[in-house]
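Quick notes on the structure that follows.
Chain nomenclature is as follows: A, B and C, assigned in order of appearance, with residue numbering initiated at 1 for each chain independently.
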Amino acid sequence: MQRADYVIKRGFFALVTIFVAVTLNFFLFRVLPGSAVTDLARVPHASPQLRHALTVEFGLDKPKWEQYLIYLRELVHGNMGISFNYQQPVIHLLIADLKNTIPMVTVGTFAAVVVGVSTGVLSAWRRGSPPDHISTNLAIFAYAFPTQWLGLMLLILFAGILPAGGMSDPFLFVAEPFWQHLGDIGTHMILPAGTLMLTAYGSYTLVVRSSLLETLGEDYVLTARAKGLPVRRIVWRHAVRNALLPMVTLIALDFGYIVGGALLVEVIFSWPGIGEAMYTAIGQRDYPMLQGGFLILTVSVIVLNFASDLVYFRLDPRITA
Amino acid sequence: MRLRRNLLAGPPGRPRRGPVLAVALVTIALTATACGAGSGGTGGGGQAVKEGGVFRLGSASSIDSLNPFVAFQEDAYTTFEYIYPYLVQYNQKLQFVPDFARSWQESADGRTWTFHTQPNAMWSDGKPLTAADAAWTYNTILKFQNGPTANSAGYVAHLKSAAAPNATTLVLTYARPVANVLSQIQQTPILPEHIWAQYAAGNGKGLTRFTNAAPIVSGGPFTLVKYVAKQIALFKRNPAFYGPKPHIDGLGLQFFGTDDAMVSALKSGQLDGIEAVPPTSVKTLKAAHFVVPDSPGLYFDDFIINSDARQDASHKELLNPLLRQAFDDAIDRQAIVKTSLLGFGQPGSSVIPPATGHWDDPAVKPASFSLASASQLLNQAGYKMGPNNVRIADGHPMSYTMIMPADTTDGYGERSFQIVQSDFAKIGVKLNPKNLDNSAAYTAVTASNYRSFELSMWDWSPLTDPDFMLSVLTCGSFNVWNDTGYCSKAYDSLYAAQSAATSPQQRQKIVYQMQQMIASARPYLVIDYADSIEAHSATWADLPLVAGLSFAPYSKIPFETVHMAG
Amino acid sequence: MSLPLQDPTLAAEGFGLPPRRAGFFLGVLRERKAAVIGLGIIVFFIVLAVVAPYISPYSASAQTCAVYAPPSVHHWLGCDDGGIDMLSELMQGGRISLVVGFAATLVAMIIGGGVGIVSGYFGGWIDVTLMRITDYLLVIPDLVFALVIADIWGASLLHVILVIGILEWTSTARVIRAQVMSLKERVYVKRARAIGSGNWRIITKHILPQVGPLLIANTVLTVAIAIYLETALAFLGLEDPTVTTWGTILEHAFERTAISSGAWWAIVPDGLVIAAVIVGCFLFGQAIEDALNPRLKVSHLSLRRWRPRTLAGRGPDAV
């Protein structure tokens, strides 16, 4: 069956890509000069025995290919190793970080989609008019401003009004009520998610606008109007839905990159997520953390690509495998 | 956004800050009156102070681990200081005063130290806190010092055993007299045996795997009740504490990724105080009526010249004392203090900063800036000016690679480098920066057994006691802390002598001699001593500084003393 | 707005002759205002970069005013954390930012163009292999990958250029490949093969020139991305901090508490010039791509990473 074939083929490709990414991850980090042992052995009165003990403990004394096989075996068992620096299982640390990153990124992306779609529809509807020009140009500019600059601008504008950093203000001994806690996190999330929204919405605006304009030029729309159907119904029922098709792919693909790109936002706003964790881990040569983080981010991108392939396939019957 | 200065793997692996006026290194037996000495108590003259409140402190660093055998960051060490008993602590005058030990004696031969600890003390879970816990801690560190407890091995150097003949007596027996016992003791937290003993079984690997998560069974003025990594550490007053109770109900430490966010949070009232104020923020904080104390810091920036006698021939001229003196004279320290530190610092001279008080040799003075003198010295050495305004030494141009670790380039270090680079260009020496992160930088410095690197720019946070900083320049510290390649038998024997010195006067003499040796050998050209700057809101009063810092692993006194103003 | 430009490639095709490109770009400029604006911006900044050393009011490395001095008559854009005049810094910084942008793009173009042409022309297992490699590289998260590479090699301009080039060639390869594949089927190419021309000759004489406009559009858009990425890498501390670029200006401001010191002038102008250059590149590149529209099977918009997507819309409104 063609559909099943397509699914299997894309699925297989996804798996192979994951494997390549895993291997690339492993060897890439082993190329880095300096090692965790050098760092951790730098204690007063450190002895050669200590360095050796640490090297053995981290398995760095075995030949590379053997380390690689051990790594693969452990990975299959769901064990990503122990962080050199925190001495805790990597998977726990990364999951805790992801729990912080994902809500912020989701909110930001969702806001970008909402703003992008609405401005795109507005622009298409009022094509050629001043609102169209303003909206389109704003979109292009917002897209062109570096993400970190947008973040810094928001900080300048809202200094003192909104929290400048961190995820919440938990100077409380008794856990606050759930909703209050949520509100606290929400207030802290406004600026980082807002930055993500500003930096991402531009592309959605332009894509929706073009897509809608194309759809509005289709024959069936002309037919519908001739039949006397209200404009609004035409636009929403037919045009927008068709126009959203390329949006779906764009969103799904962007989401994968936004998770990695949220790194800049996390750094500016001290958001304790996976981007910041990765960045810290690089300086510390914490190989297990790096491998784990890199793997999670890469796999998420691959999985989202695969999902978008499926969704696109489902939505557009014109596509064949 | 760069790696923070206090992050792992720079020579200041555990940056400690604080001057030492350690007058009382001598075997003083502070008697029971020590209970009140220097520990604050009521705010001056017995009048009542406002109790209560939670002090919210901001930090641009972080706690990397709550396990004392794993942690490297200073905030972690300060956490331990406030939650665990230590035998001794520093007071504002940097004298050793009692903490868990109320008094102590050193034996005549200097090999046995006896500490009398607080009676009837308790851990926060109600279990008794006795000298047995202390003995267990020291013995465990000794036992695994080549493995899991290696990061604490320095504290127990030359220690043979620890014993607790009764609940309030601890006896430490050393293999030979050690001059800085109290300084090492001051850094050793006493852990609850009943919690940790199970992890010390077998090969002791469990000691480093134990997360020691909050709420922690504590013996200090505060218990750590909540800890969310990279976000918040919340301390609550410990009613079971054996010492003077804090006035505040609790202390919160919030972590920020950047200085900017932290300063903004202070200005907007989200915080009550911040550690480590960057020089660029002082003006704006003072204008907003914050209290911004600024004290000489235990910290210096340095210019490193490869001092290995067997370094590559391609830059062997670096060993020439005339060249070193010329380089010293070509560093415009005043300009650097003005531009990089914005005036919050002093020109550098000795590797033992003046902030250590009487450990700094006043005879070692900063070099005067003079490009003329530098040029003349290089001429004297026979290094004539060549093409492109670069001198020729031993047949090759004086163009050197300068290793710049992230510790330096993160923050004001690159401004300092730019000043140095342009001044050196004027005397015909070309400096080429090579930026690496800390780990790679150290690897580059130690490559080929210190033979290949040429120059570097780094920094140090010496401890209050000079032993550590002096040890960095020993041959034995190669591939550990030594980042200069300096190795001298004469220096090493002086180092051994000062560490076994029996009287502080004798020790000081040797330490001065060592500083002069270094000042003339010039493996380091000390550029500046940066000040230690803090800030807190005026709604809080009486926040004393120990070694220029309030929240630091030197003393429990600051946060026992602070209280709400009015 | 305007009519879709006639694709010169189409016109000549019918006669079995290779299409003429002369006047194509001028045609684009004539028809589209956006292209003129875009090109104008690009040219402006290039000229500015060239004359910067001569017209900068002050030095871009020596201290000439107080730290974070606000804008004044003497220093129109104030000063940064080292007491260096901001306006001069922006001018000089632009030179290096543009150089990095162009150099990185050159790397991406050479690799991507080469891979695309070879892959599209020869097809078969060469194509499959190269495209698989491209696919794998596309899924690696950009910034994190760049972080690691820049860390391995150390922070320097050359490394930043190489890293960006390595990240960007894949999309160029895809685009060029698609174009080459369709070109391969053109009448005049088939004739050349029929009369026995060697592959190399066909590629250089027939394929390469036709790929030209597309390559240029791609180049301009890649420059935009390269500049964007350079600022991101600089911000994360992966660039030589002693060099002044638009990216390191933002990084210094951030590291040295510009915001809490109220020094907005250390941040705002920098972002504005970066955005201006990127918008300029975008407008110009888009206009060229629009003109090639009818033949285009793929399109690009993402400034962060490009992936071929199905075209949305048609005509001048297409993206």
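Just so we're on the same page, contacts are C-beta pairs under 8 Å (C-beta built on N, C-alpha and C of every residue); 3 or more make two chains touch, one makes a residue touch a chain.
Since the model is a prediction, treat every value here as computed from it, not as a measurement.
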Of B-C and A-C, pair with higher C-beta contact tally: A-C
Central chain (distance from its CA mean to the mean of all protein CA atoms): A
Reference chain A; chain at largest CA-centroid distance: B
Distance between chain centroids, defined by C-alpha means - chain A, chain B (Å): 39
Centre distance in Å when chain A and chain C are each reduced to the mean of their C-alpha atoms: 23
Rounded Å distance between chain B and chain C, as computed from the means of their C-alpha atoms: 48
Per-residue overlap in chain B, given as positions that touch at least 2 other chains: 1, 3, 258, 260, 264, 267, 406, 437, 440
Shared-contact residues (touching 2 or more other chains) in chain C: 151, 235-236, 254, 259-260
Junction residues of chain A, two or more chains touched: 32-33, 155, 159, 267-268, 279, 282-283
Touching residues on chain C, where the partner in the complex is chain A: 1, 135-136, 139-144, 147-148, 151-152, 224, 228, 231-232, 235-236, 247, 250, 253-254, 259-260, 264, 267-268, 270-271, 274-275, 278-279, 282-283, 301-305, 307, 309-310, 312-314, 317-319
Chain A - residues contacting chain C, complex: 13, 17, 20-21, 24, 28-29, 31-33, 127-128, 140-141, 143-150, 152-153, 155-156, 159, 203, 206-207, 209-214, 217, 243, 246, 249-250, 253-254, 256-257, 259-261, 263-264, 267-268, 275, 278-279, 282-283, 290, 293-294, 297-298, 301-302, 305
Residue ranges of chain C in contact with chain B within the complex: 61-63, 67-68, 81-83, 151, 154-156, 235-237, 240-242, 251, 254-262
Residue ranges of chain B touching chain C (in the complex, touch as defined): 1-3, 258-260, 263-264, 267, 278, 280-281, 283-284, 339, 342, 406, 409-412, 414-415, 417-418, 421-422, 433-437, 440
Of chain A, residues touching chain B in the complex: 32-35, 38-39, 41-47, 49-50, 53, 82, 85-88, 93, 96, 155, 159-160, 163-173, 266-272, 276, 279-280, 282-285
